[in-house]
Amino acid sequence: MKRMGIAEALREAIAEEMRRDHRVFCMGEDIGIPGGWGGAFTVTLGLEKEFPDRMINTPIAENGFFGMGMGAAMLGMRPIVDVQYGDFLLCAMDQICSNASMMRYMSGGTVSVPLVMRAPVGATGRGAQHARNLERMFLGVPGIKIVAPSTAYDAKGLLKAAVRDGNPVMIFEHKLLYGSKGPRTESGAVDATSDIPDDDYVVPIGRAAVRREGADVTIIAWLLMAHAAQAAANVLSAEGIEAEVVDARSLNPLDYETIGASVKKTGRALIVEEGPITGGVGAEIAAGIQERFGDCLRTSVRRVASPDIPVPFAPVLENAYRPDAARVAAAVRAMCGR
Amino acid sequence: MMPMFPREIPRDQIAKYERSFLLRLYEEMFRIREFEERVRFLFLEGAMPGTIHQCQGQEATAVGVCQALNEDDYLTSTHRPHGHALAKGLTPLEILLELFGSIEGCCKGKGGSMHIGNMAKGMPPAIAIVGGNIPVAAGMALALKMQKRPQIVACFFGDGATSEGAFHEAVNMAAIWNLPVVFCCENNLYGASTHVSKITRLPSLRQRATAYGIEALTVDGNNVLAVYEMARTAAVKCRAGEGPVFLELITYRLTGHSRRDPCLYMPKEERAAWAAMDPLLRLREALLDRGEVTVSELEAVELAVKQAIEQAVEIARKAPPPTLDDLETDVYAKSEVGI
Amino acid sequence: MKRMGIAEALREAIAEEMRRDHRVFCMGEDIGIPGGWGGAFTVTLGLEKEFPDRMINTPIAENGFFGMGMGAAMLGMRPIVDVQYGDFLLCAMDQICSNASMMRYMSGGTVSVPLVMRAPVGATGRGAQHARNLERMFLGVPGIKIVAPSTAYDAKGLLKAAVRDGNPVMIFEHKLLYGSKGPRTESGAVDATSDIPDDDYVVPIGRAAVRREGADVTIIAWLLMAHAAQAAANVLSAEGIEAEVVDARSLNPLDYETIGASVKKTGRALIVEEGPITGGVGAEIAAGIQERFGDCLRTSVRRVASPDIPVPFAPVLENAYRPDAARVAAAVRAMCGR
Amino acid sequence: MMPMFPREIPRDQIAKYERSFLLRLYEEMFRIREFEERVRFLFLEGAMPGTIHQCQGQEATAVGVCQALNEDDYLTSTHRPHGHALAKGLTPLEILLELFGSIEGCCKGKGGSMHIGNMAKGMPPAIAIVGGNIPVAAGMALALKMQKRPQIVACFFGDGATSEGAFHEAVNMAAIWNLPVVFCCENNLYGASTHVSKITRLPSLRQRATAYGIEALTVDGNNVLAVYEMARTAAVKCRAGEGPVFLELITYRLTGHSRRDPCLYMPKEERAAWAAMDPLLRLREALLDRGEVTVSELEAVELAVKQAIEQAVEIARKAPPPTLDDLETDVYAKSEVGI
């Protein structure tokens, strides 16, 4: 058992998978460079020492090396490719959405693409182009699984599950949760450390986690917002409102079993999302809950999310952009008629 | 743009090869031609769904390259994949079944004309996004290199694809990592209706590869022997770890870009000049000129191919479509988690 | 007044805007080529005769020329750029979503990007990579307006509004609705012709259209599905169920005024969408309706959409993929307890 | 990679210019250096939000190019835009205000360090997606050409950006349409921590432009006069409708890639060798060597710049942030429909 942050837990997951399976390799910008940073957020720091041939440092060419990851995966490798900021997934959309996600179906089930894609997200003082939460972009793309851990335990277990999955899996990581150290420390970081077991484990893709039980309202969130939800729940508890916090963790597939059990109990559902409210993952969860469990709802599903704007730079605006515990608590109070 | 290579296949070039090999080349090319012509009629008849992009006139590029490959080498293709697939060893039947949308097709009817392939034969489903297969091919070559396997990848694409960023990103990475991939650019002078002179300042597309420090050659793509020879040399280089290589194969599409294209954007004289450069005609003439093969032998080859294709058509026409139970399968591989 | 299909109406809209405003020009693949096709679906056919300098035929380089469209727009031009199939927007995502959509905000409102983007969508027998309805991809991208006409009248009026708008506007066009003629005729095409007035008009962005009134259920759709909805409504009417059909037309902004008025009347809402059900535009509309008009609903909002799969090639599968009047009618019956 | 150009600015080169012009160059470069150093301390102090990418050591590229532009020409920039902005005429104050996130900044505090710009001064907000500004610059040049205006665009980007597909697509289109854009590739030998030799097989990036048939030159990017001269020639060509031109400006970043980067991936000897190639030092020495300028004159220039920047810092520190009312404005332009 060892206490770790997400960056460290991911690093350990990658190293363990590379030891376990010689087909696993990493490909990305500024990885495997002696004296370098281990990618943008230290996740791959130092791995080139143990795996000199399997840390492939690329030119700045996201569409190209994501497509190469796909090609290598088709021939039996298990690539882990990453972008330095999730925003740059937009450069690689064609390879991700037209090729990797659809290859298996187009081949009639004869080809598979065991490709892991990593993407750091979240607004962190860098302005609009290094800030977006693009989970939404991939939710409507059949063929890609999506995970989004909020703790180091989940990050390690989900990354391992992704490597072993056999399908394209996108793992979103939040910059404020990494716990990256040294020059890559993030201001405004939130503690997401966990006790990591010494033994191998996976966190299965497709299962949500109940972080806190409560009978009055279900709050569904992931990544940084899972922390905001828990903070809000603590505040609300003092006021006599008991919120159940569901960390969705896996966005595709969504775990409607866990979500449903909670909503049936509480009769109220609130989704918290970083990113513009319109067209987000929250829209799907809201629609999905009402279709499946509409009869159990005491009030309409609500969303707390960002306004429909690009991410602003000035801290005062960015803080208003990013939902926080106070906004979550206020929304819950409104739903509960307080 | 008028043909820039002499029409005749040089006698000393053809003299280097065995009769059986030359007949095989002829048969392979004829199979593609006959297949494409048969499919064209099936389309015009309305028997086939969707759209098609055909390769009449370009048979020598597919056959020349594939003859230089080993059976277990790989090939990636585009929206115009029929010739590549046949040359790589897919049967007319498995392709026709796919074109007819049958569950028995090489992609279970889920792919269609623009996505035919058969990984067991070294050809993943074709990618119809122009330029999109080039990074994929480079990635396959990367895997082969990491796995220390001896195979190589032949990556086909058109002149049009060389303007896509995907081409540049992938060729550069293949170059810096010396990957075993032969970039086979079928420069048929047009990307859809757009003449190649409209998309480049230079007379050749070769520089788009030499810019990354790799060897690049312009080849008479309608001389199957010229293609074969350059592809063989390229393959040897790639297998020796000295890849990649870029081949610009100059050719011409004797048919429309896609179904029912009247090709009004192609000057008549240009079409006529290129019709005379038909790679089948050229090989046929060279073979007869060499004297070892008779017209009736060639006709026998042709007849056998025709009959085989006709048989395949009859089977494919009646083959069962998928059922609704097939609709949602094959999206995900079974997860291996826990293994 | 003249009867026209969508392709023709769009062509007329472009020509009229180019006559009216010398800043307007077109940029795309296979446009302006004598003897060519006028783009993939004849929309720009022959325009090079009148505007030889303003029909710019590009290499195949979507990210490049969408970015160039943006650059030209910033310096006062009014470019209309197009992809041959909507799927290829994925090649240009970076320029669309990171640059064009956010430039105005990042500049503090000092720069504008009056860029019109055209994209043909819909499953039409061509397999997975020439088939997708990618409206969903842009809904959660603040800064881009989205329209999706189902009639020639709207197509012309919305394209004109887009050209005059001053912001990036994406116009989705459905291949089966174009009414393209000659070699570009589509099998399975649906009649979307309208009587087009002789005088200049625009259809304002942001307003839905009620296609058919009814008191029992609101069906919301756009593009081809607006036709499926109307066909279903006719069938249902014979059974005594009167559906109100709202053609959303503008997907961003959505017209919640019109939608709300209808839902308040009927108490039931069904959204019909071509494309995988998960993560679609329908999710947002469903969530949005329940948040705004939840109290007026007699039953949960429902969606009819495609399964969560890539678009299959075989006609029998493709037809099962694409929602049709029968599926819409069945869903309405279920909602109405029949 | 060690410096490949001689350290000394040739005497006959410097002799060609007027004293006042040379002093202006020195002042412009010094302003950038001083600005960046001041900002670095503000960052380390924790006074500034976000991240920064600075350009100490690269002042000659920005100043050399911008001196060759007319005031109403355009410039596009990247994640590392401070130097370009200052050279293009943005004031230290309007940039500092933006860096501090004030509503009075050049982008109302909505852009930040990576997106500074001021369209009224010919510089749209910088684009921080590597390669992303290159198509935009080409499109601006297209507009200028269509509008028959005399201006040109200077498009800055790094060595790293030349591996992005966006670069290739845009350079090719600029080439085939002869657009008035000077592609200014600041080859500072590193893309983040990745040395340029890892991303290309060739010793120069020039071929990545000549592949499209345009003129491309490699220039000593730390000799401001060399940069100025090549940029002026390129500008003349572009204005004459003979663009585009590609300039590979060899330079070196004397600072970290972004905030708090210890640069451990750069060999010590390399850093030392390039420190000696500091473009400010080189110009200073050449000026003093020429004899027309005294140390105290230079110090006077420096002092004035320092004071102006310090004043700007004091103003910017206290400038008001945006309010929540500003949060949702500026997303859309007011629609013109009906006009």
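Each chain carries a letter (A, B, C and D) given by its place in the written order, and its residues are counted from 1.
The rule we apply is simple: a contact is a pair of C-beta atoms (placed from the backbone, for glycine too) under 8 Å apart; a residue touches a chain by one contact, two chains touch by 3 or more.
These numbers were taken from a predicted model, which means no experiment stands behind them.
Interface comparison, A-B against B-C: more C-beta pairs in contact at A-B. Ranking every chain by how far its Cα centroid lies from the centroid of chain D, the top place goes to B.
Averaged C-alpha coordinates put the centre of chain A at 41 Å from the centre of chain B. Centroid to centroid, with C-alpha atoms defining each point, chain B and chain C lie 36 Å apart. The distance from the centre of chain A to the centre of chain C, each centre being the mean of the chain's C-alpha atoms, comes to 31 Å. If each chain is reduced to the centroid of its CA atoms, chain B and chain D end up 46 Å from each other. Of all residues in chain B, those that touch two or more other chains are 107, 109-111, 115, 127, 129, 163-166, 168-169, 172, 176, 198-200, 331. Residue positions of chain C with contacts to 2 or more other chains are 59, 61, 63-64, 87-88, 90-91, 94, 98, 105-106, 127-129, 142-143, 308-310, 312. For chain C in complex with chain D, the residues that touch the partner chain are 25, 53-54, 56, 58-59, 61, 63-77, 79, 94-95, 98-99, 103-112, 114, 142-143, 145, 161, 164-167, 202, 204-205.
Of all residues in chain B, only 74, 105-111, 115, 117-120, 124-125, 127, 129, 132, 134-144, 146-147, 165-166, 168-170, 172-173, 176-177, 329-339 touch chain A in the complex they form.
If you check the complex, the residues on chain C that touch chain A are 87-88, 90-91, 93-94, 97-98, 101-102, 105-106, 127-129, 136-143, 252, 275-276, 278-284, 286-288, 290-291, 294-295, 299-303, 308-310, 312. Across the interface of their complex, chain B is touched by residues 163-169, 172, 175-176, 198-202, 207-208, 210-214 of chain D. Contact residues on chain D toward chain A in their complex (touch as defined above): 49-51, 98, 101-103, 107, 109-115, 127-132, 160-161, 163-166, 191-194, 198-200, 259-266, 321-324, 326-328, 331.
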